[in-house]
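Presented sequentially are two complexes of chain A, the first with chain B as partner and the second with chain C.
== the complex of A and B ==
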């Protein structure tokens, strides 16, 4: 059913009343662009997360274990697949344009996937800490998300991310109860991944954040970050691991952990594609994409029906994602 | 060779082929030509690893060992390379997607025939696994066929596919090479016919799929000597096993 809003005030009143915007609604362009950029970055991050994990999938210790890990990464790429379709329906870029922007370094993905998993312990840290951070963020978006198609996809994504986090927790527990070498490996992974995982939530939200005003996000970054800290700091400590935050302290008044000052420079570098593994990650993804261009070209007539090969030769559009 | 030993060798060859084929699929997640293909290849990889796990369980059954994760992984990962019974086709390491696709088609075509041979096995668990696997194989073949239908119709893609076939084809014969002891396994009722009997139907299926091309003009007879009844590994095997064992080797006493 066609709906329209005469002014931005009308539209915002609709959102404040809990209204859900659908893809064919004549939404204000600023809203369309903001929702699109947010979903595009989410889609890119699911895909790049899968690429971060794939470095270790063939080395997974154990046959049944490998099947579980493969299923997890399949879910992540499946989330990317669904999200690219939801994003493409907004009419800002096609799926191929989004992928080509990603592989050309023109659009963003989450900071954590600008780092390399250098040990198996890192793979477990990602499945546990990073997936938990992503889950906390996604739950908060889902709770009150004003864009209907995204909210519906998030319901499924959140259910699957919950399984991933439990898989990560189970693997982390085996390590925690394991040998000295295993525990040392995970401690080193924690040293590498604690801060990037915490920085995933971003700096404190601005007071005029349109994502909050338009109910794309429902909670402020600092609230979500604190939720993660209060949950994972005591849990990791209870398993005998050390949180790599020398200034961290327990606030006896609020009964909360305070991790101390956060250095946002590493996050800023990843946003500028200057993270520790950004160039390799993007270069390798672009290389795979380019080496298989002949397949997409041969299948283009079939693929274009669902947007895969639309404008295969296109060089993307001007907009960059990010939130 | 005694029947129990023959049965063990037969199951091990089947399991090792499935294990390594599944392993090869894991290398393609995230780097396939498009997202749907990433998802398909990871599903197929999970299926093949699942078949391997079920077949290794049957080997452990024969030995009276409970199929815990640790026992299964000891069998799957802890043998010396000469203890494996896989064929060289599944050991073959490639970063060429066309070769991976052609191998996927050939392997799954062969695999469906192989499961048929054991669908009426005297080992009830094997017959039961075969029924499940045959359903999955129909999907695997449909997936590979759908891609090949299109790619073989497009001139540039056709050239690449046939070139890939040329690279993979010399390894086809080894896929159908039986282990020492297969005859003993067959007299125990393990399978309806020899793995070697699948070679001719497989060749016919390949010709029907890809046409008679220069790539498959000359059948090689030398591979059987190189595989030596599946007891000799190709040059790709040791680096592959090392990659599969990297985390296990980090701390042999660890449970992951």
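== the complex of A and C ==
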């Protein structure tokens, strides 16, 4: 269907009516930039999250969990690549430009990946609390996202993040049923990760947030954050852990937990690449990229080698079979 | 690097579906990357990758004329009414 929008009002009316924008639509540039920036940050965060996960492959206790961590690492890196393709099709930056910006510290990724995971308990807290926070955010985007290619790719990402969260809950329960020392380890991890996970949702949404107006996001940050609090505070307490929020109180009227005032300074520092582990994380990621340069160079050489690669792919491997 | 579109089909029933895209240097690597990016959990048992520059895409308004061809449909209501009328009128 050929379509174009003469004015921003027409475009916004289309979005308000539940319209889905496709990559080749003549969308307003402001919308293109906003949806691109959102997807680029999501892609960066998946990739940086995957690298964190990778760090724990050798240290994960037990073969079953080690295999699960391998699978999760591949999922997160894979999500990054799916999202980089969706973002690249918006024509703002190429996939390689996005990667180079990330590794040079010129673009952002989620606050939680600016902290160091010190113990196995931290990995469990991340898998449970951070993946849950990411899942709640992504579900809210998926529900009503106006950019079609992003919405479609989110369906598969959300399904896989669900596996990760369940894995996190499984591990958290094992620790909750474990020794005093294990429980103490997880309590310390909770103390470190509760606030960064909560801050992942960001400060309360501005009233003129274009991400909401253009139906890129469908719910306000504070609504999503509250959903996470109401779900995880009672759950963690029921397993005997303490929420590291001294001002938290139960509101007997609304029947909701109120975590008290939130200090947004740590979040701001991470957005300026000034988190406790930002520089090491970016340096490590950049190192992975530069160490694999020879692979990319070899592939490019292969491509220019007058069809050799095309021949080797032609030996029946592209057969589509009957259908 | 070339851009490839990825299509996946699940068992005997469904059509091939477009699932996304990827960048790869060769057809063979495109298949490997497609399997690892889109088919990690048996999402399909058949896989096509198609170079994006080989896709012949219709211009935006190409299919529009066929959006307004009511004579190519029949909702059955008129037939049902006639059938009913025929049944009620004495033989």
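Descriptive notes on the structure:
As a convention for this text, the second predicted complex is superposed on the first by the 299 of 323 C-alpha atoms of A that agree within 3 Å, B and C clash if a C-alpha of one lies under 4 Å from a C-alpha of the other, contacts with A are read in each partner's own complex, and residues count from 1 in each chain.
The definition used in the following text is that contacts are C-beta pairs under 8 Å (C-beta built on N, C-alpha and C of every residue); 3 or more make two chains touch, one makes a residue touch a chain.
Predicted, not measured: the structure shown is a model, and the values here were computed from it.
After overlaying the two complexes on the shared chain, residue contacts for A:3 are found with chain C alone; chain B is out of touch. When the shared chain is aligned, chain B and chain C each come close enough to touch A:299. Contacts of A:253 after superposition: neither chain B nor chain C is touched. In the superposed model, A:182 makes contact with chain B only, not with chain C.
When the two structures are aligned on the shared chain, A:89 is found in touch with chain C, with no touch to chain B. In the superposition on chain A, contact is made by A:64 with chain B only, not with chain C. Once the two complexes are overlaid on the shared chain, A:153 sits against chain C while remaining clear of chain B.
Between chain B and chain C, B touches the greater number of residues of chain A. By the touch criterion stated above, A:54 is placed in contact with chain B alone, chain C being left untouched.
71, 74, 78, 81, 299, 302-303, 309 are the residues of chain A that lie in the contact sets of both chain B and chain C, per the superposition on chain A. Against chain B, the residues of chain A that register as touching in their complex are 47, 50-51, 54, 56-67, 70-71, 73-74, 77-78, 80-81, 84, 120, 171, 174-175, 178-179, 181-182, 185, 284-285, 288, 291-299, 302-303, 308-309.
By the touch criterion stated above, chain C contacts chain A in their complex at residues 1-3, 9, 15-16, 19-23, 25-31, 36-38, 40-41, 43, 46, 48-49, 59-61, 63-64, 67. Across the complex, chain C is touched by residues 1-3, 24, 71, 74-75, 78, 81-82, 85-86, 89, 95, 152-153, 156, 160, 299-300, 302-303, 309-310, 312-314, 317-318, 320-321, 323 of chain A.
Of all the residues in chain B, the ones that touch chain A in their complex are 19, 22-23, 26-27, 29-36, 38-39, 42-43, 45-46, 49-50, 52-53, 56, 69, 72-73, 76-77, 97, 147, 150-151, 153-154, 156-157, 160, 243-244, 246-248, 250-251, 253-256.
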